[in-house]
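By written order: A, B and C. Residues from 1 in each chain.
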Amino acid sequence: MTDTLASHADQTLNKGEPLIEMEEVGKSYGAIRALRGINLRVGAGEVTCVLGDNGAGKSTLIKIMSGLHPHNEGNLRVDGKEVSFSSPREALAHGIATVYQDLAVVSLMEVWRNFFLGSEMTAGKYPLAGLKIKQMKEIADAELRKMGIVVKDINQPIGTLSGGQRQCVAIARAVYFGARVLILDEPTAALGVKQSGVVLKYVAAARDAGLGVVFITHNPHHAYMVGDHFVILKLGRMALDKTRKEVGLDELTQQMAGGDELAELSHELKR
Amino acid sequence: MSQTLEAPAPAPSEPTNRVRLGLAQRLLGRPEIGALVAAVIIFIFFLVAAPSFRSAESFFTVLYQSSIIGIVAVGVGLLMIGGEFDLSAGVMVYTAGLVTSMFCWYYGVNLWIGAALSLVFCLALGFLNGYLVMKTGIPSFLITLGTFFVLQGANLGVTKLVTGTVSTPDISGIDGFNSLQSVFSSSFKIGSVTVWGSVIWWIFFVALAAWTLHRTRTGNWIYAVGGNLDSARAVGVPVIRTKIGLFMTVSFLAWFVGMHQLFRFNTLQSGSGVGNEFLYIIAAVVGGTLLTGGFGNMVGVAIGAFIFGMTSLGIIYAGWDPNWFKAFLGVMLLLAVLVNLYVKRMSTARKVG
Amino acid sequence: MTVRTRTFRLLAASAAVLVAAAACSGGGREKEDDTETSGGNAAGSSGYTIAFITHETPGDTFWDKVKNGAQQAAKDTGVTLKYSNDPEATKQAVLIQNAVDSKVNGIATTLVTPDALAGSVKAASAAGIPVVGFNSGIDDYKRLGALMYFGSDETLAGTTAGKRIADAGAKKPLCVIQATGSVALEARCAGVKKSAPGTENIQVNGADDAAVVSTLQAKLAQDKSIDYIVTLGAPIAVDALKAIEQASSNAKLITFDLNEEAAQDIKDKKIEFSIDQQPYVQGYMAVTSLYLNLKNGNDIGGGQAVLTGPSFVDSTNIDKIIPFTKNNTR
């Protein structure tokens, strides 16, 4: 599967080079301030983990980066240029691809259609452009095989694949179409241990191929396995911002679980 | 990096724990199969039960009846695959005819102008439906229910204002009638069999829609916006454009049938068309389209319309009490929905590996 | 200078083309100024308010004429008319109750579902508001407490029509019902069957012309012995003509009620005759009788129902009637 990454990842990416930089970014919906004062940096060949409880502002952060909702405070720079996305298409054009937890694929559609969704190969001119169906099936099959996902029938609905495989197809698709930054929204949340492993391996492979990865999760164990940089969000603000060298798994777990609050809780529940 | 992951094992060249799907199971995964089976059974049933059903003339009468429902059902089917409803389609058929007929009658202009005007009007209505659904996020069921009532009332009110009655005047004497009639509602004879142009148009629209759905990028997008809107949006499918386009397709086809009605009957009753919107939805659902979107195909929708035409006339050919027709139709619909449910389970539950 | 002249010529030419285009398209609306058809001039209001309630399904040409009659009568007598309608029995009862509550001077209502409406009609009588029945309910209006009734006896209309076609040799008439569950329509067909026992009923979807044609076409193909078609509404008659033509059937056509197109078909002898229950008269008389009752204590009909039909329209008297169909009063 590293073949896929190596051959499709942008060759101009240099490890450590900043791809996305956020400076005091915030977002309000009407009177509600969902996010404020976010300083975040996603570098090539690095995994930036964003942790946080439900409602901490993780999904708002994703929406800003993926172009669903533009930010209204601070600066967002991609490749050093200031941007404000107004649609996912625009973010995609900058090489930022997002893979959502449950929304990664259209489960009733065939595997190959999912693989090429939104970037279909066509022959001829619009509106009479037919799809190059045979070619797309071959490419999808080959690319998936390289990742270790073998589907008996590339025409089967993607809903028949396992959760981990579906995530991988979605990630592989993003990489194949030239993503430079991958935003993964809780890719392991709904998966079992073994399947989480499949996805984490793929995250590491993407990192090694030089892509910038934003890994959103509330599982510090998964985060610590692949992460280079850790950010914890709490009530729309950054509660922790440390590199791998500066923080250990224990501290991360402690912070993530609410630290002192957890101690108090365990005291209360003591039997 | 304190911890490096091992490179993944090379992909197995052959699947290990996969079961080969039988032919029957693969067939069951196709949306139209339930409808096809039902259509064949009903067809044989009427062949046996109704002697006068066994003629080419009867068959083409059934096809005509099917085409009137089937043409709009093509649009409604596409829209439902795209995850939306249109309850205004039935009345819009008559709105299209009324606009053409009254505009030309009142101002005494060529009917081609009126036809073009009502096409623009209908497309605008379709756009409005789609725009409101996409901008407000209110379910299309409610938005188009609103349009349905507005059109129903406006059809009556405006007709009464313009003509002084609730039906339109005879327009067969206005310029352009004959040429438009030959486009929209001509018929020709093969032996003793009358073949209506609308049947040919129906086949054409079904083929065009089927091709679009399976062989073009647009078709891929239609399945995607119906199957999983957010995921489609996230991979860059122009969701709003696709859906508004679908609503406009429905209104285009409603206009087309409206023109057929107008140029076949010369006058229109302004209160007509109410209730037909459900026939379109029934045709689509019987044909295997999922009410929740993302699944279905055009052959299925065509078979659905054919089943409707066959059932509604078959009862007459058999000489039965037509009071029972609605009951029979209801049973058909329930069966179709149950078959669809079963099929969906079959196609998603065969999870292996 | 020359440029300006050319522009002017161009403008003049295009204007001429436009005028010509507008003028040469025939078949449209007749462009004369609308002359007021009103017969009476309402010399001041009489001060009465009358509620006029029907079970009209919106968009039916028949009710349009009933309404026209009522409006003309209101104009002629200087009455304020409050028109309301609902095809559903329970909602019609609410409309009558509304009229009682708003203390109108008189109520004219159809009595298509006598039992459902009985409560509201009795409430009106109790409040001292005179009630007049019209169009339907001939057997029940007295029981409910309505003073007068204007309408046709549907069964009588049916038997009369049935007798006329039976005398002409009808063996197997087909009676076409365009709305489900309507007592009046069923009564007409039952009347036809009484005189012509071979009559068979068929149900069609009156809201869809194409469906009506296909259904009748199928029926004619199924039963070649059908020699008469009886339609219960003028628009359905026009559809039935198309079906007869499509099925190359020799069946003859008669219809209830009239409209402009059906009148023309009677003139062209495509429709044998029409049984007209004169809807305009029903509306007109219902309002006028209430006015007379309020003003002068009159009782029209002398305690008996006043029949507005059946009146036959055929090729012998159609020429006189056609202008009225154009006015939407017949």
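Definition applied: a residue touches a chain if its C-beta (ideal position, glycine included) is under 8 Å from a C-beta of that chain, and two chains touch if they have at least 3 such contacts.
Since the model is a prediction, treat every value here as computed from it, not as a measurement.
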Stepping chain to touching chain, what's the minimum from subunit A to subunit B?
-> 1
Just by CA atoms, which chain is the most central one?
-> B
Per the centroid of Cα atoms for each chain, what is the distance between subunit A and subunit B, given in Å?
-> 39
Which integer distance in Å separates the CA centroid of subunit A from that of subunit C?
-> 69
Distance from subunit C to subunit B - Cα centre to Cα centre, in angstrom = 34
So which bits of subunit C are touching at least two other chains?
-> none
Going by the contact rule at the top, pick out the subunit A residues touching subunit B in the complex.
-> 1-2, 66, 68, 88-89, 92, 98, 100, 103-109, 113, 116-120, 122, 127, 129-131, 133, 145-153, 157, 159-162, 165, 173, 200-201, 204-205, 225-226, 228, 244
Subunit A partner contacts - residues on subunit B that touch it in the complex = 1-15, 18, 20-21, 29, 215-221, 223-224, 227-228, 230-238, 290, 294-295, 347-348, 350-353
Touch list for subunit C against partner subunit B, complex = 21-22, 24-29, 31, 57-61, 64, 180, 202-203, 205, 207-211, 214-215, 217-219, 221-223, 235, 238-239, 242, 246, 259-261, 328
Listed in rising order, subunit B residues that touch subunit C in their complex are 50, 52, 55, 57-58, 61-62, 64-65, 68, 104-110, 152, 155-156, 160, 164-167, 169-175, 177, 194, 260-261, 264-276, 309, 312-313, 316-319, 322-323, 325
